[in-house]
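Paired with chain B in one complex and with chain C in the other, chain A is shared by the two complexes that follow.
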Partner chain A sequence: MSTMSTRQKLVYGLGATGTLLLIWNLYRVLLVLPDEMQQGAIYRIIYFHVPAAFVGWTLFLAALVASALYLWNKNLALDGFAASAIEVGWVFCSINLVTGMIWARIIWGIWWTWDPRLTSMFICWLLYGGYLVLRGAIDDAGQRATVSAVLAIFAFADVPIVFMAIRWWRTQHPSPVLETGGLAPEMRLPFWLNVFVFLLIGLAITLLRLDQEDTKRELEGLRRHAHAHAI
Partner chain B sequence: MDKRNFLYLFYGLSLAWGLVAAYLFVLMQRSRKLRAELDRVKRMVGDQ
Partner chain C sequence: MRGVWTVARKDLQSELRSKEAINASVSFALVILLIFSFAFEPTADETRAISGGLLWIAFAFAGALILNRSFARELQNDCLEAVIASPVAGWELFLGKAFGSFLLLFGVELICLPVFGIFYGINLTKTLWPLLLILVLGTWALTALGVTFAALTVNIRLRELMLPLLLYPALSPALMASMTLTTSLLTTGSFGTNNQPWIRLLIGFDVIFTSLALALIEFVLVL
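And now, the complex of A and B:
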């Protein structure tokens, strides 16, 4: 009989907690919270659009740390963690872009504009998408890990630019409503709860993805072993 | 709830969770293939 590993238990625990909190928060966001006067129902997309960006950036930061540590001690487990975090972060980055475009269509009347915030986020999405494509193109595990780590460090340079874009430049994108008190008090708790829920779900999926990296490493080790014996 | 723009909110939420669901589906498929490949290579190494 197979038993669950600590990581699997953690994945189920985080996933279940995240899902329950999400259901409760969705009920509050969709049915309890008051409407925004000018935007109608669409303003509620903020509860998904912003948390998705926060999760993406958090995972990219985790990948930056893991990549730097990999270059220092050459532990392939760190490379596996960085790859997992970036892949999941990239999915959340895509959610941020897609929900932002839908919101923009209603509020600005356009799907997209080359505004500094949107452009820098799109570049972020391209950089990390490039990272994922690059990993698939290099066969040697050591070389793949080194090149990926360098790219993960280089790509992260864009994240502070995305974060600061609405502070540094006058943009079409709204200025930071969270710091300036632009979000009504009753909307703050569901917002931060959704950030927390997204983080839980993002972490659970990253751990799930990490399992695959472990299996891949085991597979590569076995293949090397088989190849050496065949020779 | 104010019904203005409700359809676009529905599209946004559906796309967001649709992306997560699609990614989870891809992850599951990939895991299944990797496990099958691992079993195959283990058997092959065991035979040698």
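And now, the complex of A and C:
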């Protein structure tokens, strides 16, 4: 345990705190809180659906900042961070879409509808999925980093549209209950706690993923070094 | 600005001499229009209701062929390095390439439009000018973003595959706006009172993505 780096300690710390809080919050959400008046038990999906989107967008925003910084100072560590954040953000984005579909099946009777919110989130998912595919298609680390950074900046243009979709258009997707006070007071604390928990866990996985990116870069460097000296 | 016209003229001239992309693009668009006729009764009223979508799908797919060529054309004999090393600035190169592709694609659209009108029994003359306006705005969105992504993907494996994979999702707000407005024009003869946000979205998309491309193109070109 003494060989653990500061980052690894941080990963375990964040992960453990997140998990403990999540267990306590799950108990509150599933066993203490009553069902919602109109939707019944299924309304609880909001505690996972919305935080997943928030964490996804936060990680995409972090990737945007890291990508812009990369273009400025060409530090490959920033590229590693952007890639890790987008990969984890994309998973949260998928969780958001899947939980949304489950909710829709029960409340609307259909899995999917092409309303602006759902469509723009799906586009978001496709765009960042494209980012991950693109990274796999480029071998040179510098070129991969630059191309990915530019794409991360372009892709982020969709995120504000997803966020604003339920405000700009009249969508089938529920309107923002958080701003209009549609969420009952006793439901607010567990909700925001879950947002916090998801953030902790998202950050922990991103840092774990960043560790792998760093190791990968180190290995590539060593391989090049060995190759150069063997010849 | 002189560099812009030089690059655009060079691209147009070499394309008009070889006609590689433009022939493929027109044929492809016509094939798409043909295939769509299998999906539904081509003269029925519903055709009108989806006409905008149909037209823009054909344009977007045919456009990918032209856009793929915009930078890939320079790969032979390492011309890309020569172009980047030339005294033409990055933004001039981008705008030149974008204008060149825009004019080519617009040409393809003007050829396909009457064919579409004849095949699907849709009268285009009543709303020709507003339709041309939407064509210009939508096609510019397609080319501005398309040329940027073509520059991004020019040096990588699976280039032909990566461009559409990245381009269509990123383009979708502009594509949706163009489709909605075109459909409204072809069915009701006007943009419709509810469709003003779509026009704003289309113009906003053009402005934002052209500016982004101009700001970032230098990083894309010098890898």
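The criterion applied here is as follows: the second predicted complex is superposed on the first by the 227 of 231 C-alpha atoms of A that agree within 3 Å, B and C clash if a C-alpha of one lies under 4 Å from a C-alpha of the other, contacts with A are read in each partner's own complex, and residues count from 1 in each chain.
Keep this in mind: a residue touches a chain if its C-beta (ideal position, glycine included) is under 8 Å from a C-beta of that chain, and two chains touch if they have at least 3 such contacts.
On a predicted model such as this, the values are computed, not experimentally measured, just so you know.
Asker: Quick check for you: in the superposed arrangement, does A:53 touch first (chain B), second (chain C), both or neither?
Answerer: Neither chain B nor chain C is touched by A:53.
Asker: State whether A:127 touches chain B only (first), chain C only (second), both chains, or neither.
Answerer: Only chain C is touched by A:127; chain B is not.
Asker: Counting only touches as set out at the top, which of chain B and chain C does A:104 meet: first, second, both, neither?
Answerer: Neither partner.
Asker: Touch test for A:219: chain B only (first), chain C only (second), both, or neither?
Answerer: After superposition on chain A, A:219 lies in contact with chain B alone.
Asker: Given the touch rule stated above, what does A:208 touch, chain B (first), chain C (second), both, or neither?
Answerer: first
Asker: Let me test your reading of the model: by the given contact rule, A:40 touches which partner, first (chain B), second (chain C), both or neither?
Answerer: After superposing on A, A:40 lies in contact with chain B but is clear of chain C.
Asker: Should A:83 be classified as contacting the first partner (chain B), the second (chain C), both, or neither?
Answerer: neither
Asker: Between chain B and chain C, which one contacts more residues of chain A in the superposed model?
Answerer: Comparing chain B with chain C, the partner touching more chain A residues is B.
Asker: Output check: A:31 vs chain B and chain C. Expected answer is one of first, second, both, neither. What do you get?
Answerer: Touch status of A:31: first partner only.
Asker: Counting contacts the way the document defines them, which residues of chain A are shared by the two interfaces, the one with chain B and the one with chain C?
Answerer: Common to the two interfaces on chain A: nothing.
Asker: Write out the stretch or stretches of chain B touching chain A in their complex.
Answerer: Against chain A, the touching part of chain B is residues 1-6, 8-9, 11-13, 15-16, 19-20, 23-24, 27, 30-31, 34-35, 37-38, 41-42, 44-45, 48.
Asker: For chain C, which residues are in contact with chain A within the complex?
Answerer: Where chain C meets chain A, its residues are 145, 148, 152-153, 155-158, 162, 165-166, 169-170, 172-173, 197, 208-209, 212, 216, 219-220, 223.
Asker: Could you list, by residue number, the parts of chain A that touch chain C in their complex?
Answerer: Residues 71, 119-120, 123, 126-127, 130, 133-134, 137-138, 142-143, 146-147, 149-151, 153-155, 157-158, 161, 168 of chain A touch chain C in their complex.
Asker: Per the contact definition, I'd like the list of chain A residues that touch chain B in the complex.
Answerer: It is residues 30-31, 35, 39-42, 44-45, 48-49, 52, 88, 91, 94-95, 98-99, 102-103, 105-106, 201, 205, 208-209, 211-212, 215-216, 218-219, 222-223, 225-226, 229-230 of chain A that touch chain B.
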